[in-house]
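Right after this note come the structures.
Common to both upcoming complexes is subunit A, partnered first by subunit B, then by subunit C.
What follows is the complex of A and B.
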């Protein structure tokens, strides 16, 4: 028993050491580079800044090019909130009916859900569709696209979770005279809260971090998202690595905050969604 | 089904006044209308307009020379071109390499980390968080960071290797290494999900199996080979399927680190699609999309059938 405990401590300590080198050093590198002055950062060495310029760099990043980064954060926030809200409501409706009602259409719906998960979206034809309905290069268009691409994952999670809500509740509500809308929105949806939180957090991180979507469907400076500005920043501020890494740091913070507060939900969502899919 | 009949009966037995307030079509056997088909409509409309229509349209547009204003039918020319130009063929081959390398490494490392993090060691909670966190970080941010860390001149990785007396390769600038390096970064970022899935699979294995085998005198290797490995098979299937789906259509990390370079040595189909789109060859770009579609489905269908069938057999 004692030998096993000693072994646990030794193996654990080695693992912690390796994890620091492999996983923490890159993040520490982002942090220290973001805190350096321009000349010191250009050396790109892994060392503590001789002079901490964290605040100056923050202000500099937020004010470059008339605050394009601030605008990008606003755009990304709007995009994330709207996409996730839309996705959650429409996917919950599908997952709910799909689980509650068994009909011969279910296999068809399930097939489409899986197809949505596996098939890579056809980019240029999607642009063609967006242009036809006048939503190319607009935030609403991007919201609809994000919601569509996230549907399958959400439906799988909702379908799995609806089965844990007892049907007796539906029946009680029906007896009390609730219609389908009331039954779903006031009785069932509130009970789905745990899975709704999971879906919201996981999809919010996914939409916020998405680069390919805005690259194709939302080009142009005025609607730029944080990932696009970060990418463009790379070529614009070549001599100012401190500002580039400050931008990376800023973009890393929202997911970090999400992870600290919703650790359990994120983990649950990633694994359960994965196992069901 | 049993519950449906009971509640229908209960609804039918309600006083008339209550039933009048109910929506039309409800009542005898009307429980179905409580789960109306039109709940599919909003999601279905999104799916059809923004996913199904573009996917089907791509099969037509792939056969055309397509600019913004003008569509001209040219048959299979785009596909011929796709498989004749060496740079495009390279992207096709690289896609397979990238998909297989990333998923193989994620299976091996994910299982190893899963075993480590379910064993009796200190700091498990910290280790789990730290391994998982990169999954949530922006791919572009990670790409840029590693581009700096892997820089052949003065990058942190090669400096450290030099301190140990090893000359590191030009990770992202050497044609022989570029694609593999990007795959390694991908594994660094994505191994957290694989680990999580393996942890979930490993804790579900009953401890009694191990105890019984130990009583019979099994070695640690035998325990792993005969109990752990067969019983985490569903987790392995999930990890393989997920990382293949992600790996075969991977674009962001490659674009953030090498842009398919040096030359075309780290191009994959997804980056070829973007390059052709940028150059205005919409038809050729869409043909790339169709090729990617075929590659993904041609790999995913047999892989998932294979992995699922073995599971049922046992």
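What follows is the complex of A and C.
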């Protein structure tokens, strides 16, 4: 008994230590580098800055190129929220119908869902499609692309999860006179909350961190997203490491804050999806 | 970079090839109220954005009827893919910055760009530069910024202290290194920084001018498959790198030091020589501004002093895509011309830390340039310059930096390294479909 408790403490301590090394040390490095002057930051050493320039660097980053970073944050926020909302609603609907109503269309739909996971996105033809419908270089166009790329994965998650929701609930709602829309939005969707949170977290991080998508499909400085702004501070021979790390710090903050606030739901969502999925 | 990104990049590469032939026409612009709006695309980072901003401001003051909007995109591999994507989907900005030389040729300039051979500034260009922005059908680009050289950057203060002379042959250079090792034991005679692998190539790439002076037909014969690095004079670069390693001349942390460490060591006198591209002087300007006047440069010495020449990298250039038409095309041409007008030159010398002389006679050398520029100018004045191999031949093996790291670390001998590189190059030449391979 006693030996087991000691072992538990040791394992726990090792786990804490490992997470500190893996997560906090890089973060601390970002923080101290973001507070250094350009000259000191170029050493890329893990030390406290001899001269704190946190505020100067923050101002420098935010005012670079007439505030491209601020604009990028607005764009990235709109993109992430809109894409994830679209994915959740559409994927939940598809997953629900696929699981509940079997028809001869199911194999066809399943095939396309799988194809969505497998087929690589081809850049130039996608741009042609967007140009034809007039959505190239626009935020709505990019939202549609993000939603398309993420949809298959979300549909799979929802379909698996819907099977754990008892069919009797649907039937009770129908007997009580709920139409299809009401049935889905007021009865089924709330029950899918754990998997909705999983999808929101996974896809929000994916969309927020996407680099190549906005690079190819959303060119133009007025459309910049946060990941693209990193290149403002880096090139082959001249890198402003202090500003680069300040930008990284700014970009890391929103997911971090989100995690701190939604910590419990995120963990609950992850595990419920994992066990029942 | 996750799997999807990589797939996307591959997909771009494939589709670009398939579609670049089909790309023509389209686009067009509208002028309202007598002003024309054009877009200027430049690469993120470094000095290119401040230069573009200053240039646009000066241009708009002189040309109130044109509004120039600045756009940026990343450089490097992503930038290459993006540039090709934009050209083949007819979304390219009206004027854009891109590399000269073999990367330009990969854009298929005859189909995608507007020829500028009839422009007034063409006559001022140096012959070497005109060559790297041209195809047999025309000239497509105007230079941005200065040329730079790949040579040995050295600490002048240290040279004065030890009473050393600039070496002109490899044996003199090695003798200098021995003196430094003997008299200043804290100083690394040669700085190498394999933490950034690309920096390891300078011994070979910077030696190319010497190869070409020993054998003036080398580049042409090399493209034709009749010369190789396994034989002299090509081997010399690899051999010198091996000799320098064997003489134990490198800084202690050479396997992991980075490019910026190297420049700092040079600036602070912890190292004496650093074979490097001279535009890195802008990094010294940022990180060790007081040391800029202490830095000089000399060509990587050849075995025979008579062959020692300096290898020159040509500057990037600005181009106009063929999708720019009508009044936008006219405004774009005016903007390109402005870059190398007296006002444009003034902006360039004010914003840029020059890494070498300008390649057009329209721009005089700035008066307050760091001493390194005077060093380079001497080579230009005496005619001892040669463009780097990548401007004279389309072949450059992708693995050179890995091979030179191995040679410089004593893992591979010079002869083996050169042979490996020849093999690497052969594959690339075959992919390009060149004759004789």
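Heads up, the rule we're going with is that the second predicted complex is superposed on the first by the 222 of 277 C-alpha atoms of A that agree within 3 Å, B and C clash if a C-alpha of one lies under 4 Å from a C-alpha of the other, contacts with A are read in each partner's own complex, and residues count from 1 in each chain.
One rule holds in what follows: a contact is a pair of C-beta atoms (placed from the backbone, for glycine too) under 8 Å apart; a residue touches a chain by one contact, two chains touch by 3 or more.
Source: prediction; values computed, not measured.
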Partner chain in contact with A:59 - subunit B first, subunit C second, else both or neither: neither
First (subunit B), second (subunit C), both or neither touched by A:211: both
Contacts of A:15 with subunit B and subunit C, given as first, second, both or neither: first
Which of subunit B and subunit C A:6 touches, first, second, both or neither: neither
Touching partner for A:85 - first (subunit B), second (subunit C), both, neither: neither
In the superposition, subunit B vs subunit C on subunit A residues touched: B
Which superposed partner A:253 touches (first subunit B, second subunit C, both, neither): neither
Partner chain(s) touched by A:221 [first = subunit B, second = subunit C, both, neither]: second
Which superposed partner A:28 touches (first subunit B, second subunit C, both, neither): neither
Touching partner for A:120 - first (subunit B), second (subunit C), both, neither: both
Common interface positions of subunit A, toward subunit B and toward subunit C: 43-44, 120-125, 128, 149, 211-212, 215-216, 231, 234
Residues of subunit A touching subunit C in the complex: 38-39, 42-44, 65, 120-125, 127-128, 131, 136-137, 149, 211-212, 215-216, 219-221, 228, 231-240
Interfacial residue positions of subunit C with respect to subunit A in the complex: 1, 4-5, 7-12, 15-16, 19, 43-49, 70-76, 78, 81-82, 85-86, 88-89, 91, 198, 258-261, 264, 277, 279-280, 282-283, 286-288
Residues of subunit B that touch subunit A when the two form their complex: 1, 3, 6-7, 10-11, 14, 18, 21-23, 31-37, 39-40, 42-44, 46-47, 49-51, 53-55, 57-58, 61, 66, 116, 119-124, 126-127, 129-142, 144-146, 148-149, 151, 154-156, 159, 188, 193, 196-197, 200, 234-235, 238, 241-242, 245, 248-249, 251-252, 255-256, 270, 273-274, 277, 282, 285-286, 289-290, 292-293, 296-297, 300
Residue ranges of subunit A touching subunit B (in the complex, touch as defined): 4-5, 8-9, 11-13, 15-16, 19, 22-26, 29-30, 33, 43-46, 89-91, 93-94, 96-97, 100-102, 109, 112, 116-126, 128-129, 133, 144-145, 147-149, 151, 155, 167-168, 170-171, 174-175, 177, 179-180, 183-184, 205, 208-209, 211-212, 215-216, 226-227, 230-231, 234, 241, 244-245, 248, 251-252, 255-256, 258-259, 263, 266-267, 270-271, 274-275, 277
